[in-house]
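Below is one structure, written out as structure tokens, with a few remarks after it.
Think of it as A, B and C in the order they're written, each chain with its own count starting at 1.
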Amino acid sequence: MASPPPPLSQSSVPFYRDVRVLRVLVQIAFVALVLLVGWFLWNNVVRGMARIGGAFSFAFLENAASFALSETSLPYDPATDSYLYAFFIGVLNTLRVVIVGIILATLLGLVAGIARLSSNWLIAKIAQVYVEIFRNTPLLIQLFFWYFVGILKLPRVRDSIEIPGGIYLSNRGLAVPWFTPNETFTAWLVIAGAGILAAFGVYKLLGRVEKPFIYEWRGGWAFLVWLAIALAAAVALQPFTPSVPEIRGFNFGGGVTLSPEYAALLLGLVVYTGAFIAEIVRAGIQAVPRGMVEAARALGLSYIQTLRLVVIPLALRVIIPPLTNQYLNLSKNSSLAIAVGYADLFYVSNTIFNQTGQTLQVILMIMVAYLIISLIISTAMNGLNARFKLVER
Amino acid sequence: MATQTQPRSEPLPPPVTEIGVIGWLRKNLFSTWYNALLTLIALYVVYAIVSGIWNLVTTADWDVITANIRLFMVGPYPADQTWRVQTSVAIFAFLVGASWAIWQGVARSAAILLGAVLLTSAVLPFAAGERVWFLASFAMLAAGFAVGHFTQARRVLVWAWLLSLPVIGILLYGVGGIPRVQTDQWGGLLLTLTLAIVGIAASFPLGVLLAVGRQSTYPVIRGFCIGYIELIRGVPLITVLFMMQIMLPLFLPEGMTVERAVRAMVGFTIFTAAYVAEIVRGGLQAIPRGQSEAARALGLNGPLTLLLIILPQALRATIPAMVGQFISLFKDTSLVAIVGLLDLARIANAAANQPEFLGHLTEVYVFIAAIYFVFAYAMSYGSRRLEKTLGVGER
Amino acid sequence: MKHYPIVLIAVVALVAFGVGACAGATVSTPTTSAQATAVPPPTTAPQPTAVTQPTTAPQPTAAPTQVAQATAAPTAAAGGPTAPPPTSVAAVAAGRLKTVLDRGNLICGINGQLAGFSVLESDGSYSGIDAEFCRALAGALFNDVSKVEYRPLTTQNRFAALQSGEVDVLMRNTTFTTNRDTAVGLDFLPTTFFDGGGILVEKSLNATKLSDLAGATICVLAGTTNEQVLTDTFNSQNIQFTPLTFPEANALYKALDEGRCDAATSDKSQLAGQRASVLKNPDDWVIMEETLSKEPLSPAVLQNDAQWADVVRWVVYATWYAEELGITKANVDDQLANGSTNAKRFLGGTGSLGKDMGLSPDAFYRVIKLVGNYGEIFDKTLGPNTKFKVPRGLNTPYTQGGLQYSPPFR
């Protein structure tokens, strides 16, 4: 370059080669394309809905649902309650299976993941076979299997297996004794609430005591305090009436019954997701450098302390992000409830749009509901992740 | 102290309790008292499972499978057109055989598996015509091996593989002189595999595009890609499939209908692309900035840098995750059973509902689970081999 | 500048994707049904033919030569597998009928999982009364009962499939209701099976009236009229019950058989069919006397396509009419040659009934020859000689006290 480049002027670059203009133009073109496609689709929907005599409106949600649900967490009467309320019942049912499922799958995954690293050859192999089989077959088939070949083959309700303690197992579900609250229940609730406050006070108080036995276990001590208060109040007030399952008419009355559909779905989700979590846990533990463990032992930490203070925090850092994904998968996979007839969010919605013909609206509601559930899970897990994140100094 | 007096002598053999079967048992199963206890419990579990399986195998009546094998394999594909499916399998077997001879590695395992399946099937009590066809396919496998072994035509083989998919697709669907068999007539394993293969082939490029779009400096495009990816990843696959089955007709102009299997394929593509995009994004982020800076310094422009420098490295790093996603997709094809397509899972239910085979649910579920397992396991095995060959995570 | 090629790629890919999606699609000509409510009718609307049709219809002055041709046609057609070219018909086919004739086969939406009605056999074919009616239609259209493509549909997607034009006709044990006829946008045709909602219980429960089922768990298919009827009936009589819904019949009857529920409610014929085919010990089960609801199971087509609806309607009537006249598969040739005037006109020996409909003159002859009259169809699929042993009930000609009253073929 012998001569310096001429100074850039607005006129030397035609506008169609000007980066800034192009950037804007490209984006406008993209938006236009998206809008065009969106408009085309929307137009078709409006026409299509007009053709079959419908309009885009959510008014139908207030109509009486008029279909019964087999499982409801809240009282539900199809004759008077609205579609919206039925949908809400479905959401609750989904949450019921997702929350319990996440807890149990984590436990199973933890056990299986550690078992895969066991020095016991047989245990490691069993864990490996479990993981490979359940990871490599479709969840849907597993659900069919659990429900039709597993749970429905249990004895009929008349020939229930009786487990000591008033527990009955049949293909109508697992009936266990339960308590129903009576009039003193509110008073007990108040005392138990006060107990939580008292326990919190104890927790703070013990935090100042410097004896390790008391300091390290202060959470446990506080819990014991609460338990003592709650139990004492329960004995004094008798807030519950025990209810024992027994065969009344066709089904078990009294107690609570874990329905076969719920059980099958839960079992399927837990066993399937557990296999994936096992692999994550294994990878997480293997990611902790051996030297860390050896160093911790050399510093005099006990095996349990090493695990609690060194291995688990380090492993969790690797484990939590993929674990979040598995939790999200579990919540989304719970929509397979439809295969075993469990009245979850998706199944209830399915009946709603089938009855009302308002497919688009209901599908939108389903999507929003799942998006919110996903959002809650990922927010909670991100919070957890932040706690264990490597703090760089 | 005897060892001290004879320092040059051969070392004593280790005690019998440390080597051989006993040593192995001690070390791996009975090292401590609780390990021994665990071993005993585990042994009991294994015994219970194995005896359960033995019971199943001995008491099961596999007639429900043999009588319906056609349904399981091709569903309601017209019987007089089955030769097209058989020809496709033969072509596939030939290519696998040739790949074994030329590439070894994964292809060898695939070929052995395929050969074993074909030979076993030929021995099982199928109709004579089908058994002959199994043998013929096996012969094609062998022929492929021979041809590959003597020619070693690598390039031809690559082209043959690339061409085989459209050729098989055309053969099965029917174009021109061959009568058309719409995908709605496909079923069983044929449909399951078609859905998976098309889903994989279509979602991969779309996913890469979305990932690149998500990294774009254009806020509008980035926003669109992020919105798409997060929306799709937030909803269950079955919702997307339902939407495709029930809603897609509404979104299309009047009079235009799309075959139901095609709709399912679109659903799988839309869904999987979002996940592929996230995987690719992970790969893209793992590439050091220096790579693109070096490429720019060498005079490559933006797209060339992306195509020649960034993507190859990024994609190589994502192989395990990508294959995992595709295995997911393969397993999830079973969800089309819920929306009424006659895939393996639905055929299984239909077969177990035939009057003469009532109550044979266990057999059909075990059978199709085994099919899914073989394919899914083969995919993950192949991915592990491929990882090793490419040295992922080592360079 | 850095990223515009990427955008270019994205746009090209989007377009390519769109084109690909369209390539996988089959564009059919818009049917008459298209111009239902909101959409302005295109100028090429096929209504004119529908208008002109009546003017051509009442000209039964069949010249002798024409008669000879017409009588010759059936015999020729019965032997040869191919249908006469559509150009030979009197009324010009339009709308869905044209689509079907041009396509060369009939796409029939069926259940596919319901023994006796339509169920997938090991060889990939379908059997059952709904499948037979699909075949009857194909016989009338193409003189070849194999020209049917069956589309198994779920309760969820059956109406969507019809609305989108994916299937030509819905033969899927669907109850004719006002809502479906209007809001869902269908047209229902003569009822192929007059049914009633019933309850299947185990004999050992000795349940004879609904109140005996207080507290019972009752299985029902989701998305059916039975589901709503069950809730309405039990609620109005204040009987407690626990519903258990399943999306598919397969799952439902399996659960019933295993004792997961005490009773199942559905159409009585379906209950009978499932009892005979799916339950392990059919004799342990009984269908209660009580009828919960009317369930007229009818074929349905998309609203506002009169010509296509006519074809399906008269094919169903033809099976009734033939039974009324005593025409069977076996004697149909004899009836064509030597039968009464009515029979000859019906079978296309004289007159132009088939032609006026847009079909070949011998359309109804083919239906009877290839599939049989209603009695034969019923006996073959559901009747006493099958394992289902469904009583004919109301499904008999009006002459025998049933509801099958076919309008005259003239």
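The working rule: a contact is a pair of C-beta atoms (placed from the backbone, for glycine too) under 8 Å apart; a residue touches a chain by one contact, two chains touch by 3 or more.
From a predicted model like this one, the values you see are computed outputs, not experimental measurements.
Taken together, the touching pairs cover every possible pairing of the chains.
A summary of chain positions shows that the Cα centroid lying nearest the centre of all protein Cα atoms is that of chain B.
Taking each chain's centre as the mean of its C-alpha atoms, chain A lies 28 Å from chain B.
Averaged Cα coordinates give chain B a centre that lies 40 Å from the centre of chain C. Per-chain Cα centroids separate chain A from chain C by 44 Å. Multi-chain contact residues, meaning those touching two or more other chains, occur in chain B at positions 218, 221, 242, 246, 249-250, 252, 254, 338, 349, 361. In chain A, 26, 30, 47-48, 51, 148, 338-339, 350, 359 are the positions where the chain touches two or more neighbouring chains simultaneously.
For chain C, residues that reach two or more other chains under the stated contact definition are 1, 3, 7, 10, 34, 39, 156, 160, 163, 247, 254.
Of all residues in chain B, those touching chain C in their complex are 67-68, 70-71, 74-79, 182, 184-185, 202, 205-206, 209, 212-213, 216-218, 221, 242, 245-246, 249-250, 252, 254-260, 262, 265-266, 301-303, 306, 338-340, 342, 349-355, 358-359, 361. Residue ranges of chain C in contact with chain A, taken from their complex: 1, 3-4, 7, 10-11, 14, 18, 34, 36-39, 155-156, 159-160, 163, 182-185, 213-217, 222-223, 227-228, 230-232, 235, 241-247, 251, 254-255, 258-260, 262. Interface residues of chain A facing chain B in the complex, by the touch rule stated above, are 23, 26-27, 30-31, 34, 41, 44-45, 47-49, 51, 118-123, 126, 132-133, 135-142, 144-145, 148-149, 328, 332-336, 338-339, 346, 350, 353, 359-360, 363, 366-367, 370-371, 374-375.
Residues 28-29, 31, 35, 38-39, 42-43, 45-46, 218-221, 224, 231, 233-239, 242-243, 246-247, 249-254, 327, 331-335, 337-338, 345, 348-349, 361-362, 365, 368-369, 372-373, 376-377, 380 of chain B are the ones touching chain A in the complex. In the complex of the two chains, the chain C residues touching chain B come out as 1-3, 5-7, 9-10, 13, 17, 20-22, 24-31, 34, 39, 112-113, 115, 119-125, 149-154, 156-157, 160, 163-166, 247-248, 250, 254, 277-278, 280, 387.
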